[in-house]
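Below, each structure is written out as C-alpha cells.
Paired with subunit B in one complex and with subunit C in the other, subunit A is shared by the two complexes that follow.
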Partner chain A sequence: MNIMKKVGIALVAPVAALLAAMAITSAVIIAVGGPPVDFWRVMLSWPEADEIVNITNQASMLYLSGLAAAIGFRMNLFNIGVEGQYRVASYVGAIVAGTAIGPGLFTAGLAIVAAMVTGAVWAAIPALLKVTRGVSEVISTIMLNAIAGFLVGYLLLNYGQEIGNDRRTTPLEADTTFTGWTPFEPADGAIWTLTILAVLAGAAFWFVINRTRFGFDLRATGMNESAAVASGVNVKRMVVISMALSGAVAGLVWLPELFHESRTASFYSGSQFQTGLGFAGIAVALLGRNQPVGIAFGAVLFAFLSVQAGDLEFEHVDVSKDIVLVAQGVIVLTIVIAYEVVSRWRERLEQRQIQRALQRPGTPEEAVAS
Partner chain B sequence: MATLVKGADPSTAPDAVVVRGVTKRFPGVVANHDVDITIRRGTVHALIGENGAGKSTLMKILYGVQRADEGSITVNQTDANFSSPTDAIKAGIGMVFQHFMLADNLTVLENVVLGAEGRHGIGDKARAEIRRLSDAYGFNLDPDQLVEQLGVGQRQRVEILKVLYRGAEIIILDEPTAVLVPQEVDALFDNLRGLRESGHTILFISHKLDEVLAIADDITVMRRGTTVGEAKPGTVTKHQLAEMMVGSELPSPETEESTVTTQVLLDVADLTLVDDRGRHLLKDIDLTIHKGEVLGIAGVEGNGQAELVESVMGMRKATGKVTLADRNLAGRDTRERREAGIGFIPEDRHRHGLLLDATLWENRVLGHQTRSPSSKGMLIDQRAARADTDRIIAAFDVRTPSRETHARALSGGNQQKLIVGREMSGDPVLLIAAHPTRGVDVGAQAAIWDHIKTARRNGLAVLLISADLDELIGLSDRITVILRGELVGEFDPRTVTPQQLGAAMTGGRDEQAGEETQ
Partner chain C sequence: MEALLRRMTKISAAVAVLALTFAGCGRQDDDNGGDDDGNNTGSGGSVCESADGDGPKVGLAYDVGGRGDQSFNDAAYAGVEKATAEVDATCFEGEAEEGEPESARVERLRQMAEQGYNPIIGVGFAYSTSVNEVAPDYPDLSFAVVDGFDPDDQPNENVAYLGFSEHEGSYLVGVAAALKTQKDHIGFVGGVHNDLIKKFEAGYVAGAKSVKPNVKVEIQYIEESDLSGFGDPAGGKAAATGILDKGADVVYHAAGGSGSGVFEAVAAKGEGNWAIGVDSDQYLTAPADQQPFILTSMLKRVDVAALAMIQSVADGSPLTSYQVYDLKVDGVGYSTSGGFVDDIATQLEEAKEQIKSGEVTVPDKP
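What follows is the complex of A and B.
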C-alpha cells in the first residue's frame, strides 16, 4: 500500500467519528429546542487571532494532562487522579515560585521540579496502596482528588495572602515569569513560554515508551502482565514508578499558565487556578489512543471546542455553552467505536487485496508459502 | 478392523459435517484453500497436519469464530455458514480451543455458566449439573474453585465441561492431548468413546500420531492450507501418516552418548512452598543438575511442576536454597535469574510466554530486555533485535510472513517454535523447559530436540518437564517423579518403561519402581 492510501485509511476513523459526533450533538440541540445550524456556524467559524492564542495555550495544558493519563493507561493503570495531582502540584509549585529564593530562572526551575516531585508523590500514594494493600487505584485516586481539593483549600486559608474574598500564594516576582510569544497583535495575547513543556514532554513520552527498556517493560506489563512477570519485570515496582511518572507529568499541567507574564500578577488562588484539566485529560488520552501524536490531536480538538464555545453567548446563539461538554463526550464515544469498525474494515480490505493478488497467474500454492 | 464403528451405525447415518471448497485468507497468508472434508455422524474424526497447515483456522470457521471467504459448509444437511459461535452452539457444535479461553479470576462454575445462564441458571441447579457431568466423565472438578488455581489439565476439563454443558453434539477439540500425560489421555479417550457411543461426533486435532491411530475412525491430513488426503487407522501406519503430513521420516528423541559432567550447575535444596491456606505445594525438594545433563521431571499435571519451575525462576517466593553455578540465587528476582543464564520455556505460552499483540521481534526482546542483542544500555536495540529475530525464524523454521507480524497471527506450533528459539538464545547455562514441543508437528519436534541435544553437548543443563513420556525418556539423563509436591523416586531412562513411570506418577505401588531418593 502506498503512503497516500495509508494516511487516507488512518484518517477515515477520526473523520467518520467527528461527523457522527456532529450529527448526534445536533440531534441533542434540536431535542432541547436549540438552533443546530447557528450552533455549528459559530463553532466551526475560523477562530480569531486571540482565540488561536487561547486554543494553543489551553491545548498545551490538556496535552500534558492527556500524557499523564496515558502513561498509566499504557500499563492498564487507571489513574483518575491527575485532577488532584496537578492541583496539589500547582499549589506547591506556586509557593516555591513565589519565594524568589534565587535568580528568576533558578527559582522557576526549582518550582517546576517541586511541582513534578509533588505530583509524583501524590500519585505514588495510590500506587503504594495498590501494591501493598491491593487497593484499586481507581478508588484511591478519586478519593485523593477530593482530599487534594480540601488540603489545598485549607492551606490557602491558613497560610495564603488575603485578597478580597479570596486567598492566594505569594505572587511571582517579575523575573520569574516569562513573556511568551506574540504571533499577532499584542492585544491578542501571548502564547505562553512554558507551552514548550508540552512539546518536550510529548517527545520524552514517545522516546521512553518506544525506545527504552523501561518503556518496553511498561508496554509489556500493559499487554500481558503474567508474561511480563515471567520475563523478569517487577510489576510492583513498575506500578509505583509509572504512577509516579504519571503524577510528575500531571504536576506540569498548570505551570504554563502560572508562569506566564500577566498584567495583574501570577499566583495560585481559588479563582486563578483552572480546574477540570485532569478529567479532560482522560478523555483526551482516550481520543488519542494513548499515542503522543493522537493525544495532541485530541488536546487541540478539545481546546478548540472549549474556546469556540465562548463565542456562543457573544453571537447570541440560544444554546448553552455546556452543550460543548456533551459534544466532547460524544466525540470520545464515537472515536472509540469508529476505530473498532475501521480496523475490521481494513482487515477485510487487506484480504481482498490478497485475493486479487492470487487471481493473477500462478497457483495458490505459491502464495501460501510463507 | 478399526474402520468399523459401534454405536449409531455411521455407515448409514447422514454425514454430520460436510465442508466443500472452503478458502480463508489472512493478511500475507492463505490459511485455507479448497478444503474438502466429510465427517460422518457418530465417529471420532482426526485432523492432522504440520504447524500452520490451517487446522485451527478450519475449526474456527466451523465454529463460527471466523468466516470463510469462499466455500460451503453443511451441518446435519443444513447450510451452516455460521457468523458467530452462538449460531454454531445452536446447531449443536461445541469447541475447545488450542489455547484455553477461561477467565482466571472466576470459578469453574462461573466460567461454565458464563453465556449459558439460560440452561440451568447460575445457582444450585447449575452447580448440580456441573457436578453430574464432572462425575459422569471423571473430571474431578470442584465447581467453586477459582480457575486461577487450576493446572493446564484441569483447565482443559473445564473447557470440555463447558461444551458439554451447552449440549453440544458435535465436539471440536483442538489438540486436546497436548497437555495431558498418558493416563489422562487414556481417560480422555475413554470419555470420547463414551461420547461417541451416545451419538456424539468428535472432531479432534493432534500431532501425536499414536493417539490418532488409537482413537480415530477417520483421519484427514492437511498440508499448506488444504486437505491432501484421507486415511483409515486400520490401513495406514504412523510412518505413512508422517510422510503425508510433512514429507519426512518420524524422528526419535533418543540421545546418543551421555554428555553429563561432574560439575554441578543447579543445586536445589529443601525447596518448600506453602499456599495461603497452609497447604504444601512443594515440600523439601532436593535436586541437582550437572552441566550437560538433562533432568526430566515426570508427573501428572498439577502435582507441583509449575510451582517448582516458577520457584526456580523466582516468580514465586519459596523457601530453601537454589544455587546456580555456585551462585546463591536466594533473594534474586526473576530478571537477575534470567541474566544469570536461565532460559525458560513456560508451559502456557499465551499466559507466560508471549505478547500476542506485539510483533515477533518485540517478542524476541521479551525476557531478554536487559541483554544484547535486545538492548544496549537503557535502550532497546531495535535493529539488532530485528536481525536476531530473523535468525530465530530461520533456525527454528517459524512460518510467518515477517518478523513484523503480530504473535497472535502465528499458528500455535509456530508460536511455540519462536519461544523455544528465543529461550535458547544468548547461550543459557540452564534451560527450564516445560513441554518444549507442545503443539509442534513431528518435523519441528525433531528439530527442537536436535537444538536441545546440541546445546547440551556444549554444556547446557536442562530441567525438562514433559507430559510426553517418550520425549522424557528419550531426552533425559535422569528422570525423577513428582507427586503432590514431593519428589518420590528416581529412574534411569535407559531401563524404565512408560508403564513404570506411569505407576510412580499416579502414586501406584510398583515393585519395580526405582529406589526412593528421599
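What follows is the complex of A and C.
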C-alpha cells in the first residue's frame, strides 16, 4: 500500500505536467486557428520504422547534451555553454577524424579524445573566469557560444575544403566510420554505433555522482556551499573540474552523427552540423531532474516530438512545425511547476500525518513530543 | 527555505531557456507577419492546395524560411506556380526548420519519393547531401537541387544541380548603385559569409568599381557560418544601419529573409538612401512605405530553373548534372519596378551586353 502510494505520488507530477502541457499547446493551436485534434493525432501516432531509428539517434545526442548540462546543475553551476562547447569540439573532432592519421579505429579514438579535450578546454574558460575574477558563468558561457560560432565559421571559411557552394572539413575515410545497427529494412536506416557513447556516459555519470568522493563533494557543494567549504572541499577546484567535465561530455554530443556510415562521406560543414542540441540539452536536464534515468526520458520525449513533427506537413495538418518548439518549452515549464506543487503538497500531507499522530492520546509519540 | 531558493533558481533557469527558445520563434513570427501585410503569399494561399492537373507531381522542399520569405524560396514557388499553369503540374510543399538535423531533410525527401513525387526539388544547397543519400534508391524519379553540388565522386544519373551566375547579376546592380550614390559610398549585407554569398559581393563590387573606380564599399555579413543569417531581419537591420551610419547611401543585400530588416533600416534613414533587393523582384512584395526606397532587385531566376526542370520531366527527358543559369539565358538580371533605374537604363543595358559578349568577365570571388 505504502509503495503503491509512493509510486503514485512520484507519477502525479510528470503525468499532470504532460496533460497540462498538452492543454496549453492545444490552446495555442486554437488561438492561431489550427486543428488541435489533427495535430495530436499525428504527433501521438506510433512512429514508422525509420522514425524510430531517427528518434533513437536524436535521443542519444540530446541525452549527452542533457548529461553535460546536468553535471553543472548538480553543483549549482549554470553551464549554458554546451551549445558552443559541442560546436568547437565537433569541429576539432571532425578535423582529427579526417586526418586518417592511423588505422580507422585508432583515428576515431583519437578524434573522440580530441573532441572531449576541446570541449573541456572551452568550458574551462568560464570556470577560470569565475574562480579568478568572479565572472558569472551564465553570462560568460552565453558569450562564448557566440564566439564559438564565429570562430568555427572563420576557420572553416579560411582553411576548409571548398565543395560547391559550401566549405567542409576533410571527409572521413570509410574505415573511420561505423556501420551501426539496422533493426528494420536497410532503407529505414541504422541506429548509429556511437549512440553507445550515451549509454556509457550515463552509467559513468551515475557512478561518479553517487559512488565516488568527487561526486559527494560535487553534490555537497551544490546543496550548501559553506557547509562544503567547512568540511574541507576546495570549491574553486571543484568549479573548474566540474565545468571541464561538463565540457568534455558536451564534446561527445555530435560524434554519433559524425562517425556514422552513409552514402556520402562524413564531415563537418555549416549545413551538416546540427545546431541547437546544447540549448535543448538544458531543457532535457531540467525535465530529467538531473538524474541519469530522468534525463533519458526527457531526451526520448524531445526527440520523439521533433521527429514526429516532420509528419505534420505530409498529413496535411495546417499547423506550423514551430508549434512543437512551443510544446517543448511548455513541457519544461509545467514539469518544473508540477514538481514544486507536488513536493509542497507531499510536505503538507506528511505534516498533517504527524499532527494527527500527535493529537491521538496515549500514543508513544505524545510522550516523545512532550 | 534553502531548498525553496534552490528550486527558484532552477525555475529561473528554465524561464531563461524558454526565453531563448521563444526569442528564436518570435523572430520568425515577426517575419511571417510582415509577409502577410506585404502580399498574399502567407501560409494559406498556395497553388499546391488547388492545382489538380495531370502533369508532373512536383515535390518542393524549401530551405529555412520557406514560402513567404519574399526572396529565394518564393522565387522557387513562382516557378512551380507557372508549371501548374503551363504543364498542368500539381505540387506538394515541405519546409526546413532552423537547425534541423540532416536526417530530417533525408526523411522529407524520402517521404516525397515514397509518395511518387517527380521531380523532387530541394531549394538551397543544404539539400545537396540529403539528395545524394536518397536519389540512388529511386532511379525512376528525378531530383534537383537549387545552388546544389555533388558531394562525392560518384555522379548521380537522376540529379540536376541548378546553379546561377549570381556574380553577373550582382555586377549590374553594382553599376546601378555606383551611378545612384551621391556620396561615392555604398554597402553590401550578406546573410552568411560563405562562398555562395561571396559571389554576390564580388560581382557587386566589380560592377560598382567599373563605373566609379574610387567608390567606397562597406561589406557586412550577418553570420559567419550559421544558416540562421538568412532568416534574421533584426540582424539585417543592424548590419544595414551600421553601413548607413558609416556614410553609405546605397545598400545591396544578399540575405534572403533577413533582407526585410535591411529595407526597414534604409526606409528609416529616409530620402536619398537606396536599398537593392535580391532573388525576387522585392519592390513588388515590400510594404508601401518601403517601396520608394527599393532601387532595383538582382533577379536570380530560381523560377526559370524550377520551371525548366519540371518541363523537362513533363517532356520525358529530365535535366541532369550541372545546369548553369547565367545572364545569356536570363538566369540572372535586374528588376525595373518602381522606375527608379529608368534614367540609367542605357548604362545598365550596355553593361549587360558587355558581359553577354564576353567583353567583360565578372569575378566570382572577392
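Convention: the second predicted complex is superposed on the first by the 342 of 370 C-alpha atoms of A that agree within 3 Å, B and C clash if a C-alpha of one lies under 4 Å from a C-alpha of the other, contacts with A are read in each partner's own complex, and residues count from 1 in each chain.
By definition in this document, a contact is a pair of C-beta atoms (placed from the backbone, for glycine too) under 8 Å apart; a residue touches a chain by one contact, two chains touch by 3 or more.
Note that the coordinates shown come from a computational prediction; the quantities given were computed from them, not determined experimentally.
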{"item": "First (subunit B), second (subunit C), both or neither touched by A:179", "value": "neither"}
{"item": "First (subunit B), second (subunit C), both or neither touched by A:213", "value": "first"}
{"item": "First, second, both or neither for A:347, with subunit B first and subunit C second", "value": "first"}
{"item": "Greater subunit A contact set [subunit C / subunit B]", "value": "C"}
{"item": "Partner chain(s) touched by A:224 [first = subunit B, second = subunit C, both, neither]", "value": "both"}
{"item": "Touching partner for A:45 - first (subunit B), second (subunit C), both, neither", "value": "neither"}
{"item": "Which of subunit B and subunit C A:157 touches, first, second, both or neither", "value": "second"}
{"item": "Where subunit A meets both subunit C and subunit B, residue numbers", "value": "223-224"}
{"item": "List of subunit A residues in touch with subunit B within their complex", "value": "211-217, 219-220, 223-224, 226-234, 347, 350-351, 354-355, 358, 364-365, 367-370"}
{"item": "Subunit A-touching residues of subunit B, taken from the complex the two chains share", "value": "25-30, 33-34, 52, 69, 224-225, 313, 315, 333-339, 344, 346, 351-358, 362, 365-367, 369-370, 375, 378-380, 382, 399-401"}
{"item": "Touching residues (chain side subunit A, partner subunit C) in the complex", "value": "50-51, 54, 57-58, 73, 76, 78, 80, 138, 149-150, 152-154, 156-157, 162-167, 187, 189, 223-224, 257, 262-265, 270-272, 274-276, 279, 282-283, 286, 306-307, 309-310, 313-314, 318, 320-322, 325-326, 328-329, 332-333, 336-337, 340"}
{"item": "Subunit C to subunit A touching residues, read off their complex", "value": "2, 6-7, 9-11, 13-18, 20-22, 24-25, 28-29, 43, 93-95, 97-104, 107-108, 110-111, 115, 125-126, 128-129, 132-133, 136-137, 147-152, 161, 192-196, 223-228"}
